[in-house]
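The following blocks contain the structures, represented as structure tokens.
Paired with chain B in one complex and with chain C in the other, chain A is shared by the two complexes that follow.
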Partner chain A sequence: MFMARDKVDKKYAVEYGEPVGIIAAQSVGEPGTQMILRSFHLAGIESTISTSGLPRIIELVDAKKKPSTPITYIYLDERIGKSFDRAQEVLKKVNEVRMSNIAKRVLENFSKGKIKVILDVQELQSENLTARQVASRIEKELGKVDATVEEGGIIINMHTKNLKDIRAASIKIMKALVSGVDGAGKATIRKDDRTGEFYLVSGGSNIEGVMAVDGVDKERTTTNDVFAIYRLFGIEAARNALGNELKRTLKEQKISVEDRHLFLIADAMTASGTIKGVGRHGLSGEKKSVFARAAYEETLKHLIHAAAYGEVDPMKGVTENILVGKQIPIGTGSVKLAIKKEDLAKIKPKDAKKE
Partner chain B sequence: MPSKSGHELVPVHELVSDKETKELLKTMNLDITNLPRIFSTDPQAVKLGARPGQVIRILRRFENATLPYYRVVVED
Partner chain C sequence: MADENKSYVYVNGKVIGTVGNPAQFAGEIRSARRRGIISGEVNVSFNEKLNSVNINTDRGRIRKPYIILENGQTKLTKEILAKLKSKEINFNYLLRNGIIEYLDAEEEENVLVALSERDITERHTHLEVDITSIFGFTINTAPYPEHNSLARHAMLANFTKQAQGVYATNFNQRFDSRAYILYYPQKPIVTTSAYDTARISTHPSGQNFVVALSTYYGYNMSDAIVLNRAAVDRGLGRSMFYKTYVDEERRYPGGQKDKFRLPQPTADGYMGEHVYSKLSEDGIIEPEMEVAEGDALIGKVAPPRFLEENLGAGGLEEKMRDDSVVLKTGEKGVVDSVIFTESTGATKIVKVRIRSNKIPENGDKFASRHGQKGVVALIVPPEDMPFTSDGIVPDLLLNPHSIPTRLTFGHLLEMLAGKAGAVDGNIIDGTAFSEAGTDRITAYGETLKRHGFEAYGNEVLYDGITGMPFKSVLFNGVVYYNRLYHMVSNKIQVRSRGKVQILTHQPTEGKARQGALRFGEMERDALIGYGASLLLKERLLDQSDKTEVLICKNCGNLGYYDHIKKVQVCTVCKENSFVPVEISYAFKVLLDEIRSLHIMPTIKLNE
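And now, the complex of A and B:
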């Protein structure tokens, strides 16, 4: 990080040559040993249980494309966020409801060319939907069919007796989106204890779709899916999201690590313009020095490759210099003696002759 | 506080002029290839209309300070 020294509190100013990466690694690594390996969950409190603890840290640091439990934090516009009822209206628009959530059974009548969908009345009511709405949704989804509401369900007249078409249609019906945002997942309302504001938490990561909904605060809505942020907002936002996620995960485990260490890791991971993991396939595997790579993993592979292709090791890093027993370029070690070529010519060999 | 960029996670990005870039690299004693990168296809780079080889200044907010960070635009 390029921190202008005069702008930052002296306490945090870093000396030239300070091995900030190693300090960050130690600062995260030591308290990290106290983290529980597999987190247990408390039953029944949260509807969306997120991965936490060490598995989550590994997920972030390895730059996994999809988090194992995507979560979107949907903040609402100022006025809506204050009232529970209005928050619930937005929830209805966001909450992803598929046919399979509200249908009890789908019965196919091949001889008549009809499909009957038996709806779960309770579920329907809790989602605030009517059978009529569902029927028109089916008509829109399939096209060229008539859906009528009858006692206990919806009858869909396919106007065809083709077996294949009817089966394909019934599968399509079950997958059809009835209301909400595609990929948003199940949403629940939460209350911020500090500000008393209501916000939504959903188990999906379609942040772009959620942001298009009326009443959603586009500025604050965020997700734990770092790659979704990267695609939508770019590398700097991804860096912030990555740092924030690391911070949040550690805080959840009641581990306190200075933010700068975590954001340094995020900086290193995003320095190439895209998000790279820190392991063998990421930062460690792309080091310039052959020795540094060989010292990490797959020793033979790197040495043989280097021998076969005549790679040159500039010997500028820490690992390779420890390996050969030279002074490491850190702190005082990073200062080298240099002389300009023209100045070298000015030195007369007079003194040498006298001896 | 409303952010200028449209989202909390996105700090303000701005293009650095070629002349300023030269001075900057001189004071930091860096080559332009040493800078962290940003793809020309990055949403923020597209917004600025940045071309490869240009430098983008990012005004990162950290606690109460605003600190500049620089990324060079590279082709994807």
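And now, the complex of A and C:
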């Protein structure tokens, strides 16, 4: 959702001095209390179980660098998306398969300087790979070795009997990428029931890599990893992604919150140009007022810092004004006297001069 | 695991070995227990999933007796029952001879229990002693629990504990700190077997109310109830409240001790003559004296808290501090009895028991035995209550909306049964599962019909105000109600102005300290969200801890007014141009505390 100023109806524009932040907090907080009690999962269709409900909201609001369950929705070009077979071709290119996924065991023979990789035939077939392909992949990965396919596995001749090299190689083999995009995660094909189109869902968040794959629709492909979007498309996209993620998570829990509250949170988190969490290390910890910060968390730290650096509290916020007992600069308190009564008397009306 | 085919044997959670045939092994232990070879307190179970045999002999396991079945035949045969009846044998005989055994929660997983003799098949291993034992004791005090929702059972269990009644027959001799005695307890018309086994009927905790399922001008919305003034005046739900005040002549290090006596006017903290006016010569109040809040009950003087205060000239009377026990705010009553006793440390103890009447009033809590609670919202004069053509006026009007959503059908059944029992002059048995619900309804209906009532308990009721019959017939009957000990008169508290805390100058908290209600953070947020800045300031400052301080124009520190020299002083810069500023006292304390950390906060003022 993007709200251009000219598109907003004047009727819905908030008035000057409206405490939108508090209202947003209350609007999210009140239905949020229901979420703690019932964090249910939708069983069945959703094969990739993603963090949902309150834990996900916390994750977003705290601006965690990596979501605990990254998901990328990979949409395909119009022609490809209609055919299951062609979608499967793209899947093969995207789906991240590592040696550890298809290898049952890796046996090291230090005396002969050889490594034997026993492959899981079933896994191999389900990934549409042949042992030959895997062998050539290993040769590429390690270089200067010969990999030959034999019954039950692949024999790798290391041409060295150095213990350290062999062990390092075997670890490298297990981590090696066999096919797919690095960091794309395990992908599956889904069908959109509405349009009948096929698309991919993967448990990773390397959208940059995924978008480079032929046949992937770069305009529609998206992820739930806000930072991945920020790195690739910049802060405005991240702001939208953050807002949409919040919106989606709440909707999933059947909680209806006005979008503008959520996007206000997203705005506040991204206003500085980078994504900041709302907590102690983010927005609350960066308030200008010493008192407001001290009232939130780590009271002593802020007071001592203020003393050491001679900080001045500008007394512009809500918290600090409540603390000292002043009228808060919000709502009816945001109005100030433009001119004093005594000063008004000094001004002579222009008409009076003429007379 | 050493051997995949063997299972571990645990005794009280610790592995002692393995066994090859676990099911048989457990069976052998069980049969040994039944034959009395090993203690009847041993329970054994075989967990197929974990492939383990658990033997438990420790304490704290909840166990329940079951009749043992063998090949689908109960071991509690008719001959044994006859012997039991003639007192030839007793219950322990059954235990010793493997007729009844106790199972714990773990062993229950290994057995199949038949609920009644009719249900027994070859597969069953045990039989319930009585079907009501699938409920706990408290639930069994409720009639027809099988017709109520489980959530309501949990509530019932709580309410039963809170019911006022005759909690002990020697309540007259007891000095409980708080006690509630119902004046006219009745045994319920609809009883259960639990009332007999536990003999609750001899000291019941409720009364049979005539209840009509009817609204009353919106006065019984959402769990509010309407009571009949005539019934209340005749003693419905009336109870007595005992409260005991205790004080002790304490000894202090240094040989000093407290003394029960009328405090001298010179005593520190003397509250004024009127406070002690009801005390007798020995400083203790006399029985049957009417007392109200602020009256002293036990006069006591204590030595001063600090030694220096007692350094008066020799020969003069020792300076003492008043430490009398005063009746708390909002309380009143009559002194019921006063006792003198001694503690284990040989110090004198005085106990004063205050008695007061608690007549049902708006805000008192009542509950039936179906987890249906309600708060009195209106006590209606009898002439304004609905009445039947027989002139029956209900004691209580229950909102019909409180039944369907809570699924307490037992409540309706009790109304019908109570009505049938009342017109017939019979006690009706409402024990769980003792009869089918439909059979009960027909039986009660027939009784009602015999006495000229409608079989389903419905009657035409007339509006007490207009005298016109209601368009619809109303269901009414007799329900056993408990008066719970949550009563407004013990909880009500008001304050418009009052005490403040010394440290922060903010109002105190809690009823005992005449406290105010907290305007908390969420309430604060609501006002901010509304933008009501001046209302917020009034709540948080003007009506709380507002103070005026002098702020030095020169250095920004706080100054003070020297009342002797009649000048304003700044201790930091010695200037004397100040601005009086209103701040919260809490902020002043904060500044003081920051200063105590050797940090100098200063206030810069605009203009």
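Going forward, the second predicted complex is superposed on the first by the 312 of 355 C-alpha atoms of A that agree within 3 Å, B and C clash if a C-alpha of one lies under 4 Å from a C-alpha of the other, contacts with A are read in each partner's own complex, and residues count from 1 in each chain.
One rule holds in what follows: a residue touches a chain if its C-beta (ideal position, glycine included) is under 8 Å from a C-beta of that chain, and two chains touch if they have at least 3 such contacts.
Given the structure is predicted, the values throughout are model-derived calculations rather than measurements.
After overlaying the two complexes on the shared chain, residue contacts for A:I118 are found with neither chain B nor chain C.
When both complexes are overlaid on chain A, the residue A:N240 reaches chain B alone and has no touch with chain C.
In the superposed model, A:I229 makes contact with chain B only, not with chain C. Once the two complexes are overlaid on the shared chain, A:I58 sits clear of chain B and of chain C alike. In the superposition on chain A, contact of A:E219 is made with chain B only, not with chain C.
Legend: residue contacts after superposition of the two complexes on their common chain; A:E18 is shown touching chain C, with no touch to chain B. By the touch criterion stated above, A:D267 is placed in contact with chain B alone, chain C being left untouched. When both complexes are aligned on chain A by C-alpha atoms, no chain A residue touches chain B in the first and chain C in the second. The residues of chain A lying in touch with chain C in their complex are 17-19, 22-23, 25-26, 303-304, 307, 312, 318, 322-334. Across the interface of their complex, chain A is touched by residues 524-526, 528-534, 536-537, 540-541, 546, 582-584, 586-587, 590, 594, 597, 599, 604 of chain C.
Interface residues of chain A, counted against chain B in their complex, comprise 1-4, 7-8, 218-220, 222, 229, 232-237, 240-241, 244, 259, 263, 267, 270-274. For chain B in complex with chain A, the residues that touch the partner chain are 2-3, 6-11, 13, 28, 36-39, 42-45, 58, 60, 62, 65, 67-71, 74, 76.
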